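Listed next: structures, encoded as structure tokens.
Next come two complexes, and both contain chain A; in the first it sits with chain B, in the second with chain C.
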Partner chain A sequence: MTFGKFLVRRLLQGVFVIWGVITVMFALRAVSPGDPVNLILDQAAGEELRQQVREDLGLDQPMYIQYLDYLQGIVVGDFGFSYQSSRPVLPMVLERVPATLELAFAATIVALIISIPLGVVSATRRNEPADYGATIGSLVGISTPNFWLGLMLILILSVQLGLFPTGRRPVAFHDSIWIALTTFHLGPLITWFHHIILPAVALGTYFTALITRLTRSGMIDELGKPYVTATEAKGLPGVLIRYKHVLRNTMIPIITVLGLQLGTLIGGAVITEIVFSWPGLGDRFIAAVNNRDWPLLQGVVVFIAISFVLINICVDALYAKLNPKVAAQ
Partner chain B sequence: MIPERLKASLKREFHQSLLAKVGLGLLILILFLALFAPILATHDPTTSRYWDDQGNSYPPLGITYDTEIAQEGERVEYTVEPTTEHLLGTNNVGEDIYSKFLYGARTSLLVGFFGTGLAVLMGVPFGLIAGYYGGRVDDSMMRVADIMLAFPSLVLAVALIGVLGAATIPIPDPIVMAGFAEDMPEYMILPGSVTIVVALVTWVWFARVARGEAMAIRSEEYVKAARSMGASNRRILVTHVLPNSLTPVIVLATIQVAAIILLESSLSYLGFSGTTLSWGYEIQQGQAYLSTQWWIATIPGIGIVLAVIGINLLGDWLRDSLDPNIEGEHGG
Partner chain C sequence: MHDEILTIDNLSTKFFTENGTVRAVNDLSLRVGRGDVFGIVGESGSGKSVTARSVMDLVDSPGRITDGSIWYRNEEFTDRVREDHPNAVEDGAVDLLELPESTRHGLRGSAFSMIFQDPASSFNASLTVGEQIAEAVEVQRRAHANPRSTRARTSGSNYSLKNYALSTVFPSKRFVTRASRDRAIELLEMVGIPDPVQRADEYPHEYSGGMLQRAMIAQALAGEPDVLIADEPTTALDVTIQAQVLDLLAELQEETGMTILLITHNLGVVARMCDRVGVMYAGEIVERGTLEDVFDDPVHPYTQGLLGSIPDLEGREGRLHPIAGNVPSLFEHEMEHRCHFADRCPKAMEECLEHPPEFDARGSPHHAARCYLAETTYSEAKALPEGYFSEADDPAMEQTETAATDGGGE
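So, the complex of A and B:
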């Protein structure tokens, strides 16, 4: 199979998965107790007004019509209106995306910067103190709930030592970059950086621990292979062998696992946002659940599913490029 | 049921590995605290007692904190002292932190074990059937599994609880019923919705592992022999495929207990658990008091970390000795 065909097949599968997610969310809303009209109007509203709202929202239609309407809406980007604020759902979701992306990226960068060198050092100095330290550190890292870790970071670094600010992110990354580029004023960018460090570490710790473990075990497997001995015999320096040849081969399984762990990253971002009052999708999602704001809740979940599927396809494509055997299967 | 060779391998690995011993020790400790919580607890974890009538709580032994009171228009500062009656102090609503810690261990382990059991019961038959029959059955079943995997599990779990509501199941506490701890709550609370939901979001991992095993086993000689002797598919599945695929399922189940404990703590931190006797809920309660009474949020977190480390270490031990090639998802 060519790479193009492989991509088309994955895209079709992705569309199927997204359809499944939309359908499940719709079914959940259909079986959930409570009349949505009660969520929109207050108790005192008369029956006539209630009926009017029902008709406006199409809630008086049979279920399958409501379902088809909803599907049709999503195709053209219409996710309906929030029960709580009466605003259209799509902008309510999109305006929260940058903050979540910032957090997820920052956490991934924190994880990669720390974990890969740590894993390499741990694998090349097996059973030395550095290795024991990395092994125990990563065990604690994968076993610590990120929300509690976040609170402990706030407690020690913000409350006790006063090194980091607490509270809501005052400025978005794209805004601070814009200010920096247009006015050469770096203040907002520094403020942003200062605010994102703790949430990024809280969210990134689990991944740091996981990738350290994967890099370590992958490197140990690879270092035992004959080509390493051959390159050593050729006289290549050890650092070059480790980082250029061995690490490259170790990356393939790491990328696969990272793809599988994307759900954990998004789920982790939801709860990290709650801990740090970070104004992202997770914060909006939890509010939607608590308010039983179904259109908003569905919008967030469907949006997350779409991004999730797209990222997974990118990971698969990258994987297929790195390892042509996969696309051939 | 466990072959001798595996037993020997488990023993050898256990003797060599310090971490496996630490893991077993931690798990036994947490199990002990959870099982005998009503006897070990010093107070009913649902009753309140304050240090003063201003709603100030006791700090843990060895710690004091300063607070203020408005007295005749002036603010008077004074110090809150600990008491030996509340070893770890009391929380923001005056409940004994030590006793709540013990009951929190119960909730975590109940959800961890019941949730994993439920996920095994759902995922293993599904995966075995898909992998054994293969072809179209396999394709359509695995597409369902793909949809489940497309949801970040925490997001799915929260959405489901939003629909189901945080229902709880009271289970009579055998220790209290037997009259060993009369002042303690008569019922333990199993967060029913949470247990079902964590199973719903994790069963797919068991389905994947069982499917892989079934695919490998169906082409083994002994399965062909059984088939040639006229054994039905159902008989082959139950007597050959199921027992021979259990090893990786057991390893995955161990890791998933840890993942589910983390997921439960996240859900109860977000307020979706339905019981107040949970480590995650306690952390959420303590969050607002981080700057004055940091121990309220700190102590339950230590419980989560120790329990999860213990179970993860046991999982590593099983995996290293039995060596199946599997991956699982993390719940936090």
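So, the complex of A and C:
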């Protein structure tokens, strides 16, 4: 099978997954109590006005008509209007995407930079102090809830030591990069960097610990395989044995976890975003839940589902690239 | 004799496990002449592979070479190390065990290279075969670029982690160069792989077992080694493919004049390929000599037993004669100071309770056996009573009466 066919098949599968998510969300909305009209109108509004709003929103229609309308809207990019602010949902979601993506990627990068070398060192110096340190460290990392870690980081590094800001995102990454490239002025980029470090560490710690453990155990497994001895026998430099051969094979399963986790990070950034007042999707999601703002809530969830699916397709493509046997199937 | 490319003297390799020390190779001596095909034959667990790995310094932790010397005779190499390690050089040969690890590892691929039992698991499944062979070529190319420096021949000093990181972005920093790739294709062609240009870009799972073993031989030849160590090279292959691979090895040996150390449990392979043979049992060479010496006129009852357990196609005798009993435990605390074969030996005598030294056999200087029968003849009067060892041994051992050895020719 060619790579193109592989991609098309995965995309079609993805469309079905997203349709499923939309349907479940719609069903939840249908069974959840409460009249959305109460959110839009004042308590004192008369029945006639209420009926008018229902008709405008299509809420007087049978459920299946509402469902088909909603699906039809999504296909052309119309996610409806927020009950709360009356703004269209799509821009409300999209304007928050960069902040969340920044945070999720920053956390992933923090995790990878720390965890992979740590895992390699841990595996190649097994049962030495470095290994014990890494193993205990990753156990602590896995068992620490990230909201607590976020609060502790703020308390110690921001409040007590004053090293980092306590939160917020004064400048967007793409803006700061644009300024840096056009005016050679690095100030905004440094500010951005300064603000994202703590949330990225808080969000990435669990991930760091997880990948460290996976890398360590994967490397130990791989190092015991016959091809490693054969590679040693041909006199290849140790660096190439460890990284080009062994780490490469170790990364195949890790890439899968990485992709799944990146999707989870986007969804899971919610709490970290709240702790650090980071204006991302999570922040918007919580507001939508609190206000029972169904169109907005659906918009956020569907968007997260779409990113999850796309990331997984990328991961599968990368996986096929790394593991030639998969591409052949 | 000065034309022995490899001489092993009193080599001991032990594994220090939690349950005790295992004597995998014990006080082993052998001499391999330049251009010879030397066979090491024995049952599983007799220490054949560990001997080979000791030569390559590939014994993994918890194993360690504890004693002995491995002499490698190569003028160029001797000259090179004489300056830095004068006490490793003796009589024109170098004792590898006296050299620092990095210098010893520099010999991998150029002095010794190795092919393994299972080609499918001895190649990295996620790199192309061509790339992996080219790596072996490149190691040698870089070593020869700076032949005076032993440092350049050591592992890693000329290729750092920084270089590897850069190579993922800049192709020019890659370890394997175009020239090495081309050479890899030539090597594939040399071992008889059709369409080598295309095959070089294929992955190991796209090769058949026999083709992959050929590719591994190509990889081993990349550094034009003095000694090729073949560790059970045909065990994982079909019988017809076995013959092809053996023919290829014989052909290449004739062309290049390299020395082959062939490790196998298959006496048929030995008979077909080897000039000289060492028979291993419980970590020792129990009998060695030319193929004719050992096969036609064996001294040691173990060798006789092995030869007796080969199936005879002509069916002159109805039954095979397996060697009774099992390979002994190699745990140091369980090994007694006696002939380790005595408990399975049909001709065990009182002398055998004392560990035998190596005797010249049949008056020939090249034929030696670790057995008193080389000096004396068997006499019923001194024979140990039947069941002598089973009473002394663990009761569980008694039940395993006639476990056939895998010494038969498959």
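Going forward, the second predicted complex is superposed on the first by the 321 of 329 C-alpha atoms of A that agree within 3 Å, B and C clash if a C-alpha of one lies under 4 Å from a C-alpha of the other, contacts with A are read in each partner's own complex, and residues count from 1 in each chain.
In the analysis below, contacts are C-beta pairs under 8 Å (C-beta built on N, C-alpha and C of every residue); 3 or more make two chains touch, one makes a residue touch a chain.
Here the structure is a predicted model, which is why all the values come from computation and not from measurement.
Asks: For the overlay on chain A, clash or fit between chain B and chain C?
Replies: Fit: chain B and chain C sit side by side once superposed on chain A.
Asks: Considering only the touch criterion stated at the top, classify A:Pro226 as touching first (chain B), second (chain C), both, or neither.
Replies: In the superposed model, A:Pro226 contacts chain C only, not chain B.
Asks: Answer with first, second, both or neither: which of chain B and chain C does A:Gln84 touch in the superposed model?
Replies: Touch status of A:Gln84: no partner.
Asks: Does chain B (first) or chain C (second) touch A:Thr191, or do both, or does neither?
Replies: In the superposed model, A:Thr191 contacts neither chain B nor chain C.
Asks: With the two complexes superposed on chain A, say which partner A:Gln61 touches: chain B (first), chain C (second), both, or neither.
Replies: Neither: A:Gln61 stays clear of chain B and chain C.
Asks: Just to be sure I read the superposition right, which of the two partners does A:Lys234 touch: chain B = first, chain C = second, or both, or neither?
Replies: Touch partner of A:Lys234: chain C, not chain B.
Asks: Regarding the shared-chain residue A:Gln52, is it in contact with chain B (first), chain C (second), both, or neither?
Replies: Neither chain B nor chain C is touched by A:Gln52.
Asks: Determine, under the contact definition given at the top, whether A:Ser307 touches first (chain B), second (chain C), both, or neither.
Replies: neither
Asks: Check the contacts made with chain A and report whether chain B or chain C touches more of its residues.
Replies: After superposing on chain A, more of chain A is contacted by B.
Asks: In the superposition described above, what is the shortest C-alpha distance between chain B and chain C in Å? Please give a whole number.
Replies: The answer is 12 Å, the least C-alpha separation in the overlay.
Asks: Identify the overlap between the chain B-contacting and the chain C-contacting residues of chain A.
Replies: Touching chain B in the first complex and chain C in the second, no residue of chain A appears in both lists.
Asks: Would you pull the chain A residues touching chain C in the complex into a rising list?
Replies: Its residues touching chain C are 225-227, 229-240, 243-245, 248-249, 252, 322-325, 328.
Asks: Going by the contact rule set out above, which residues of chain C touch chain A in the complex?
Replies: For this pair, the touching residues of chain C are 53, 56, 58, 60, 105-110, 113-114, 116, 118, 121-127, 132, 135-136, 139-140, 143, 155-161, 163-164, 175, 203, 205-206, 216, 219-220, 222-223.
Asks: Which chain A residues qualify as touching chain B in the complex?
Replies: Checking each residue of chain A against chain B gives 13, 16-18, 20-21, 24-25, 28-29, 31-33, 139-140, 142-148, 151-152, 154-155, 159, 206, 210, 257, 260-268, 270-271, 274-275, 285-286, 289-290, 292, 297, 301, 304-305, 308-309, 312.
Asks: Going by the contact rule at the top, pick out the chain B residues touching chain A in the complex.
Replies: Per the stated touch rule, the residues are 19, 143-144, 146-147, 149-156, 158-163, 165, 258, 262, 265-266, 269-271, 280, 283, 287, 290-291, 294, 297-298, 301, 304-305, 308-309, 312-313, 327, 329-330, 332.
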